[in-house]
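These are the structures in question, set out in turn.
You will see two complexes here that share subunit A, one where it goes with subunit B and one where it goes with subunit C.
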Partner chain A sequence: MYKLAMHRLGHSALLIFGVVTVVFFTNFLLGDPVRVMLPASTPPEAVEEFRRQMGFDRPILVQYWEFITRAALLDFGDSWWQKSPSLEIALRPFPATLQLGIVAIALASLLGIGIGLFAGARPGSTWDKLATSLSILGVSLPLIWFTLMMALVFSVWLGLLPTAGYGTAGHMVLPVVTLAALPLGRTVQITRASIIDELAKPYITTARSKGLSERTVILRHALRNALPPIVTEIGWESALLLTGYSIIVESVFGWPGFGFSLYHAILTRDMPVIIAMAFVAALVVVLINIIVDIIYVIADPTIRKT
Partner chain B sequence: MNSIKMASTSSVRPIRSAQRILDFLNHFSRDKFATAALVIFSALVLSSVFADLVAPHDPLKQDLLNRLKPPVWVEGGSWTYVLGTDLLGRDILSRCIHGGRMSLGIGAAVIAMGGVFGSLMGLLSGYLGGRFDAILMRYIDFQISIPYFLLALTIMAAIGPGTLNLIIVLSIGSWPLFARYARSIMMSLRNQVFIEAARVAGGKEVAIMTRHVLPNILSPLITLTTLELSRIVLTEASLSYLGMGVRPPTPAWGLMVQEAHDYLMIANWAVTTPGVFIMITTLSINIFATRLRISTDPLQRGKH
Partner chain C sequence: MPANITLPVSRRKMLKLTGAASSSALFTGAMSSIAAPAFAQSANSIVVAIPYDPPSLDPLAIEQSVPAQVTWNIYEPLLWRDKDGGIIPWLAQSLEQTSPTTAVLKLRDGVKFHNGEAFNADAAAFSINRILDPETKSQWIGTINTIKGARAVGDLSVEVETHEPDPVLQSRLTVIAMMAPNWTSEVGNQVGVQTNGTGPYQLEDWKRNLSIDLRANPSYWGAAPSIESLTFRVIPEDATRFQSLRTNEIDLYLGVLPDQIGEAPKFEAGLSQNYSFLRLSNLEGSSIQDPRIRQAMNYAIDKDGLRNALHGGLGNNLNAQLSVPEMTGYNPNIEPYPYDPDRALDLIREAGAHGLDVTIEGPKGRYTGDAVEMQAIGAMLESVGLHIDLVLRDPNSWVRIGDRNQTPTPPEAWYVRHTNTTFDADRTLSSYYSLRGSYSSFSNAEIDSVLDASRKEMDPGKRLELLNRAYEIGAYEDPMGVYLFQHTEIWGMRKQVEFTPYADGILHVGEIRMTG
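== the complex of A and B ==
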């Protein structure tokens, strides 16, 4: 248990370090920060002068060393456009995204596991076919188009919900539904497959022959063992949702969250903020992995002994 | 599960490959959805390959007098522009057909690069084992645990949008999946009973590879490839929509959605149509892949 935890911790640290490093080098090697910060008409001498002042004329490894030693102390430098620390700018919009994300993930997980169990318990039935078809539809949805269609139908045509903005519960409905669609489809697929596998195992026959009700067999016996792949998938989808889908959904619905701010930082080429946001995203992935591991340990007592 | 696996694999008799293909088609065509999906996907591929012949108009030609024309079934629409025109009076149907060439072409290129490289690395890793395998798997674990979309977006922003850059970035995101999959298949096949049996029965290595191992590697790899293609089409559309993918005025589905985004209220067809094309593509791929997995995997056949 202790060894496993240390191993995971090492992996997490490496992951955060790796992501930050990759984003640093792609930004500073492949793009010229000075060209981004100054207007195109700046005379060349002034560009060079500015480059020296900012320290961008030094070898890239020297700059990287300075950056990474500061980053280790959570100092990612100031934003280029707003004079405040980048990490603060990266963290500020995060609660808004979490607000959407938690509701969407809860919705997708509960509905997904429910539908997946229901379908997996009756493979080949009409209900199963319906659930399978809907899950394929869910995973095939192009998010960019789906968000716009939802806005068109529910806000423009029916006038039921606000098109964009932040504040009331009504503003949350469309972003949550669009964020939940894809994870919901995947959760149904993985739950169904996992439960079908479990139900074919000998211990299920034992449980049934003991005279337990089908409900108990599925909910208490099969589900517990089917859980690990489902939890892994939900964890992965949550990470994707918070750091990927949110960029598109929040941009369309004008939700002032992490994805919206990240896209803004990318468009304005605010490199310190982009790197700080990549750091936050990596941190989110690590935290989700820890939560998934904890659920593993709760679901499967044998892990505790390893 | 294990006992079922062994029972069904040992009962598989060696059959000629022609018979095998017939069997496959027979099994596959029983499913109407899957057949429809395959036909639709083939039509999309053909129209992309022969886009210049199929498209009724030049996708780049502007006709400002006929801008934002609705599709034929809406009042004011005409047969000249069946699916209507966009803000610059370009024919949406033609742009969607050429957009398919872009999206599927990028998908094919990414799979050609990432898929081939990844599969080779995976097979090699499974075959060699040892330190090479350990290091490669550590790296792949690392890359797979990062949600790649954010990284792809920042990399594209740094190196600038464009088709070639897009293909490179998507390939880098794609190869570890193929590597891991190919490796796991290599590892699991190595210890399979029927391989052992073929060897004990005096089968030559080459015959074992082509007749027993290859058919087993191929079908899961085809499934992975098709699913990956659908994912790549979606990612490409998202990146293009965010302005970090295909550059205008090249027709690409995601880009078309973005260009028409601001006119959603007055010309929703300009947004709807390219979106429907993306949806049809991913849907037909996903239905096909789901069915393919069932048809080609003998272990799955009895289940559905």
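== the complex of A and C ==
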């Protein structure tokens, strides 16, 4: 158990180091950062002067060494434009995203597992077909299109909800629903599939022959064993939602969260902030993996022995 | 009415129904309470949408059009521009050139910053020196680096020194916002988060990534604005911004797309200092060195047709030069290229260039509708006998191809939109009509010598003649490009908003009126 935990921790540190390093170099590979930061008509001698001011005239490895030694102490430097520590800027919008993310994931998980169980317990039925079709719809909706359509229908046509912003419950409805659609579809599919798998196993026959009600068989026996893939799926979706889908959904609905801020940082090419945000995103993925691992251990006691 | 009536439904079913009814009432109630907040549509407040949160409100560090919409309502320069782009006195009342490299400005008396600090020559000198200070890492560097420094020569007189004689100094001074020296040193690194200008509005609240609230400065030195409260709301997505305008959640924003104007409640198209053209190469190795081919390429383009089809008929055609009437140096005597495919075909034949391979490099997704525009241009050039190889690239690779430092052998043609916010030909000519600019693929000895002479010429009339000559050469004798359009910036607004855009694109909220 201890060995596993240490192994996981080392693995996570390596992952974060890798992400931060790749993002650092990508910034240079995407073209001359100075050129991107200055208006295109800036005369060449002014561009060179600005390069010196920013310290980009030094060899890239020197710049990397300076960066990585400071990053090891969680100092990602100051934002180029905001002149304050970039890690602070990266963390500031996170609570707003968490607010959306927790509601969306809770909604997707509870509904997803519920519908998945219901469909998986009666495979081939009309209900199952309906649930399967809806889940395919949820998974295959292009997020950007779906988001824009939701805004068009509920804000412009029906006038029920505000198009964009933050502050009231009304502002949360559309972002939560759009964020939840994809994870909901996947959770239904995974839950349904693993319940069908479990229900075909011999221990279910044993349970049924003991005279347990179908409800007990499914909820107490099958679900518990079906849980690991579902938890993995929800963990994975949570990470994607917080650090990926949030970019599109928050930008469309003007929600001042992590994805929105990342979009801004990329737009203004604020490299220290982009790297700090990549660091935070990697950290989120690692934390979610740890939570998933803990749930595994609770759900399946045999893991504790390894 | 009988006393006893039999319920048509059982009690149990009834309970269920009423339960459903009350919960649905609850639901609608909840929905209406969380419905779109109706914004106080009063005549003295306005909501303007911007596409991203300003990374900083330090006007001397940032040159970006979005933060500028906010900062130019808070801060002001010494000289500014009127609606048509002409330079007018602002915080300075006069400018006198005291030597070829020095100018003295007399400042307006009685102006105060929002915090009460006096605006004087020390503040003006401080601001000019601050934009030049390498510590500021100013994005304005390309506009202001001809200035050497400034010093106070009296309480309300400031002297500005340039490295060389600088005929464009006045234009440069229009971009330098005046800041308060004591306040700036007190706030330290909060200089981009807090504000303290001399302008008609002062910062009240900034909710990061959400909104910026300004209110009218009660002791403003100029005419008091009719709008007292001004909110900038950050809405990144084009479609959402447009929808917010249609649902009256916002009053005004810049960036309505040409295909949206039909559905906008009201719009105003302002001409922008943004010109599209195909940059042509006359350098060694280019297949179109013969000027006749480059002339033919200009005759081959149906500019009116393209503008109507792709830009909603807005904007202007360029008159065979990368300049427009409001720009210093514009040559009004140059004949525009008419759309004349027969003449183009003749010139191509004369030059023996029928079937010639010409590569056009352009961006995909850098400008609205860029790819479609280039495909149409490619087709028009093919129809006069050239063989066009159109390469559309992602914006980063496209920039790399256009930069001679990164791509020493430029393509024959490179599509770009040039922005000149200095309103002076020097920036344009040195960027594209001469190899001084690293984005240029054009060299002409006479233009180079004319340009050199113009940089030392302090007499405005003589300087104008030189700049005119440079444009004349680049039009027909040795065409620098296929000249396309001056673009517009489209402001969308609610019907009640009365607003005329400025030629320099600056948003002066103080001049907006709301009716009804």
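One rule holds in what follows: the second predicted complex is superposed on the first by the 288 of 306 C-alpha atoms of A that agree within 3 Å, B and C clash if a C-alpha of one lies under 4 Å from a C-alpha of the other, contacts with A are read in each partner's own complex, and residues count from 1 in each chain.
Keep this in mind: a residue touches a chain if its C-beta (ideal position, glycine included) is under 8 Å from a C-beta of that chain, and two chains touch if they have at least 3 such contacts.
Just so it is clear, the model here is predicted, and its values are computed rather than measured.
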Partner chain in contact with A:Tyr263 - subunit B first, subunit C second, else both or neither: both
Partner chain(s) touched by A:Val156 [first = subunit B, second = subunit C, both, neither]: both
Contacts of A:Ala299 with subunit B and subunit C, given as first, second, both or neither: neither
Subunit B versus subunit C as contact partner of A:Leu30, first or second or both or neither: both
Partner chain in contact with A:Ser251 - subunit B first, subunit C second, else both or neither: both
First, second, both or neither for A:Ala46, with subunit B first and subunit C second: second
First, second, both or neither for A:Leu148, with subunit B first and subunit C second: both
First, second, both or neither for A:Pro93, with subunit B first and subunit C second: second
Contact residues common to both interfaces of subunit A (with subunit B and with subunit C): 30-31, 148, 151-152, 156, 251, 263, 267
Residue ranges of subunit A touching subunit B (in the complex, touch as defined): 11, 14-15, 18-19, 22-23, 26-27, 30-31, 123-124, 132-133, 136-137, 139-146, 148-149, 151-152, 156, 196-197, 200-201, 239-240, 243-244, 247-248, 251, 262-263, 266-267, 269, 274, 278, 281-282, 285, 289
Residue numbers on subunit A that touch subunit C, as the complex places them: 30-32, 35-47, 49-50, 52-54, 78-84, 92-93, 148, 151-152, 155-156, 159-166, 168-170, 173, 251-254, 256-257, 260-261, 263-264, 267-268, 270
Complex contact set, residues of subunit C against subunit A: 31, 34-37, 52-53, 55-56, 61-64, 134, 137, 139, 141-142, 145, 189, 191-193, 207-210, 233-237, 239-240, 243-244, 246-247, 249, 396-397, 399-400, 403, 405-406, 416, 418-420, 427-428, 430-431, 436-439
Subunit A contact footprint on subunit B (complex, rising order): 1, 4, 33, 141-142, 145-147, 149-151, 153-155, 157-159, 230, 234, 237-238, 241-244, 253-254, 257-258, 261, 264-265, 268, 271-272, 274-276, 278-279, 282-283, 285-287, 290, 303-304
